[in-house]
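Shared between the two complexes below is subunit A, which has subunit B as its partner in the first and subunit C in the second.
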Partner chain A sequence: MIEQICSIAEQILADKTVDVVIGYEAGTRGAVRPAFIRSAAEAGRLVWNDACTHNLANYVREKHVSPKKGAPPAKVGVILKACDARALNVLLRDNQAPRADLYLIGVACQGMRQNSGFAGRDLGDLELRCQDCAERVPAGCDVVVGEAPAAGVAPASAIARELDRLAALSPAERQAFWDAEFARCLRCYACRQACPACYCVECTAEQLEPSWIGVAIRTPEKRFFHTMRAYHLAGRCAGCDECARVCPVGVRLDLLNAWFRREIEGTYGYRAGQDATTPAPLASFVPSESLDL
Partner chain B sequence: MNFITDAQLRGWLAQLIAESTVIAPRRAGEDLLLYQPVEDPDAICYDFGRSTVSPREFFLPATEALLTVERVRQATAGDGATAGNATVAGQWEVKLTEPHLQHDQVLFAVRPCDVHALTALDALMLKEPADAYYAERRARTTLIGLACEQMGSSCFCTSLGLSPDDGAGMDVMLYRADGGYILEILTDKGRVALASQAPVDFEGSRPQRAWPEAAYQVPPRAVWTDHFNDPYWASLAERCLSCKICSYICPTCRCFDVRDYTVAQAAGYQKIERLRCWDSCMAEGYRRIAGGHNPRAAKAQRLRNRFYCKFDYYPADFGPLACVGCGRCVDQCPVNVDITEVLQDVAAR
Partner chain C sequence: MPDTPFEPRIVGFLCNWCSYAGANLAGTSRIRYEPNIRIIRVPCSGRVDPLFVARAFQEGADGVMVLGCHPGDCHYRDGNYYARRRFNLMHGFLDFLGIDERRLKIDWVSAAEGKRFAQVVSQFTDQVRDLGPATVRQPAVLGG
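== the complex of A and B ==
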């Protein structure tokens, strides 16, 4: 598979289809990390394995922003797994990058392993999102490398089971669970920075006028931040779970966002990133909508 | 030298817990070890490599009220508490409160790198005029060190001239031994903390270990100066998320933001807090100034600043390097920005 990925990257760089290919490379101490390849000769640096967990859609918008005044935006090739492709659909739908400037290299995925992307850590089991994934092959790409497993996949319900456990708690117990999670939060904003859907130029959490939320790193502010962010992502979170992966203190943001995904899917039959055109349920109004409130 | 058995150590900790706030390493989750106040010696994790977040927060808390101003409208006339003036019903009485530690602190099982980081911070924070809040926490904290038995995979303290079993800066130093710890009292504060205990005299010396030689060299300041405009920084920063993990888990990062907040507005009562909270040069808004200009608007400028602060600016301004080689940022960066790779890259350019 990696030969195919490299050869596609080499070709689209050589024929100037794109200015840069965003993929994965080997980092230090066994880590895999995002790579930015600008010439065909460098394409051999790319790697593909079960530690390519980062959602590279997160870098697409930034690359598209013109680096110098007047210079045309870069044309970007990017390697996407199924979950990443859903996140990219959210960006396309939200007009954060024009499809015409992108070359999407989809890769059929066998799932990524826990601890991926970090230096010096042994890989663990499949990440929870991968255990639950039924998709495996990204949709809407210009080219797809690899095929879906012939036997199909039987998604587990690892995250769903945890949601059920949370749902069975009393509201007070649930609040206690989340407060214990948020108590560890450092407000380092890694969750937000790693999130493709968190592209606001100014985050509500840092807005000065009005100041919705103070700078204190205390539980009320942290609760506000995470709750606000979860609501802003409702119907826009594609479930790549980068937020949970990058969190240095293991706050279960994957569960928080999965909770909202389940609500949105249950209420509207909508999955964020299912395509690049359907408006987000909470960000659109249809005249025929029932207003029997 | 003394020897203290495991049982004696727990007894000593129980006594310290009764007298002061004891902060010690605790397992807070899989792969998560945090220094936290403990109420029970059995809650402490005694066998660990290094905490996920540095214990700096007990000297520079993530959030600290530097000052509280309260205004209370007097219901009845009486002797005013402030300035000896008699108060009059209906008048506002103003009360200013400075925070002080309620109890002395004991930081148990602190690693040599983290204490070396405090020494490095002292060069700035205790320089006259000293930061009174930091100074109080330093003065009222007893440091009980625990020597490392091995270096972690990302540890590189020996490259910065430090040693994993160096007791410098500690009040008491512990070295793991069969059935207990070899114990070294290094300061009067340590002597006081141990006053009620009777550790057994220990004939012999502490364990001598041959530590790996320096794996990396810190380029001299002139090299950093030469590479300020190197395109390397833009290329390194491409994958950087511009989050604050590296600075918030770092034992020597110390930047903060100070803001005033109104707390309560009940009738007849007003309160304002002046909060000091962690901030980081990795954050986009960190360097933004009045009027909106941001001299470090680009991610690459911010990431470059992290390394220049540690290896160029801080040593130039205050003496010590602002890096102790703990390796936390190496382990925790989700996109593998590896400070040891940066040291090698800069040296090679």
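== the complex of A and C ==
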């Protein structure tokens, strides 16, 4: 599989289809990190294994820039799993990069493993999002490497079960749960940085006029930040769960996003990133629809 | 002070073209309604960012109302359709975060419905009074 990925990367760099390929390479101490390959000779650096959990769609906007003033923006090749391809669809739908400037290398994915790439830690189960993933093969790519894995085990639905558990609690208990989660937050904004859909030039979290969120690192400010972050991703979060993965204190951001995904799929039958054309549910409406208020 | 009965603080975002005029009509018609509502005039219910609601709760509101034009009557044609989708979602999200969804009220009140405005506000105020104080009351320290 990795031979195929390398040869595709080598070829598209050699024939100038793209200027840069975003992929994965071996990092330090057995870890995997994003790689930006700019020449065909370097394509051999790419790796593919069950630690390639990063969503590389996040780097597309950053690399799709002009090398010098007046020059057309660089063409970008990017390696995508099924969840990453959905995130990229959101970017395409939001006009963050023209499809013609991108070369999408889809990789059929077996799922990523918890703790993979961390030396000295025991290899865990599949990551939560991977346990429930029904897609596996990315859609809408220029080329897809690998075959869909055989039907695996039934989804564990760990996230869905946690949502159900929270829904059964009283509002006061839910508030206590979230206060405990938010209390750990450091306001480092790693969740925002890791999110492909968080591309605002000026984030509400840092806006000063008006100042939406106080500077204090206390639970009310943190609660507001997380409310804001989650709501801004409503109908746009493709479920790559990068936010939860990069959180240094393990705030359950995946639950906030999953709640919105479930709600929006239930109400509008829409999954973020299902294609690159359907408008976001909160950016569209049907006059005759009836919604509970 | 401890013996003072609980009176909810309610923030109302009212559309300039309908509910705000409806509130005016209620006033000029001398219709009595619960005085707990603090009215904020907005150009359209579509102007109300769901974060306004989150912020109001953070700043100590016990209940929040968003009143706009009836669907189909928006001054800007479709602002209230967007508002409808946003707040349909915000209801559930507040509940998921542990803020009772009955503390948020979205309704449509036209400029001619002064009486209805009074009813909607009074009913909602009673409802929030029964729910008691919101527990998220922790005013922010503002920077910037």
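Definition applied: the second predicted complex is superposed on the first by the 267 of 293 C-alpha atoms of A that agree within 3 Å, B and C clash if a C-alpha of one lies under 4 Å from a C-alpha of the other, contacts with A are read in each partner's own complex, and residues count from 1 in each chain.
What we mean here is this: a contact is a pair of C-beta atoms (placed from the backbone, for glycine too) under 8 Å apart; a residue touches a chain by one contact, two chains touch by 3 or more.
None of these values were measured; they are calculated from a predicted model.
Contacts of A:W259 after superposition: subunit C is touched, whereas subunit B is not reached. With both structures placed on the common chain, the touch criterion links A:T227 to subunit C but leaves subunit B unconnected.
In the superposition on chain A, A:G214 contacts both subunit B and subunit C. Looking at the shared chain after the overlay, A:R184 reaches subunit B, while subunit C stays out of its contact range.
By the touch criterion stated above, A:P72 is placed in contact with neither subunit B nor subunit C.
When the shared chain is aligned, subunit C comes close enough to touch A:T204, but subunit B does not.
When both complexes are overlaid on chain A, the residue A:P281 reaches subunit C alone and has no touch with subunit B. Once both structures are placed on chain A, subunit A residues 214-216, 218 are touched by subunit B and, in the other complex, by subunit C.
Every residue of subunit B that touches subunit A in the complex is listed here, in rising order: 28-32, 34, 52-53, 62-63, 153-154, 235, 238-239, 241-245, 247-249, 257, 259, 261, 275, 277-280, 283, 285, 330-336, 338, 340-341.
Listed in rising order, the residues of subunit C touching subunit A in the complex are 50-51, 54-55, 58, 71-72, 78, 81-82, 84-93, 95-100, 106-107, 135-136, 138-144.
Of all residues in subunit A, those touching subunit C in their complex are 166-167, 171-179, 204, 208-209, 211-216, 218-221, 223-224, 227-228, 230-231, 234, 256, 259-260, 263-264, 267, 281-283, 285-287, 289, 291-293. Here subunit A touches subunit B in the complex through residues 27-29, 31-36, 54, 58-59, 117-121, 184, 186-190, 192-194, 206, 214-218, 242, 245-246, 248-250, going by the rule given at the top.
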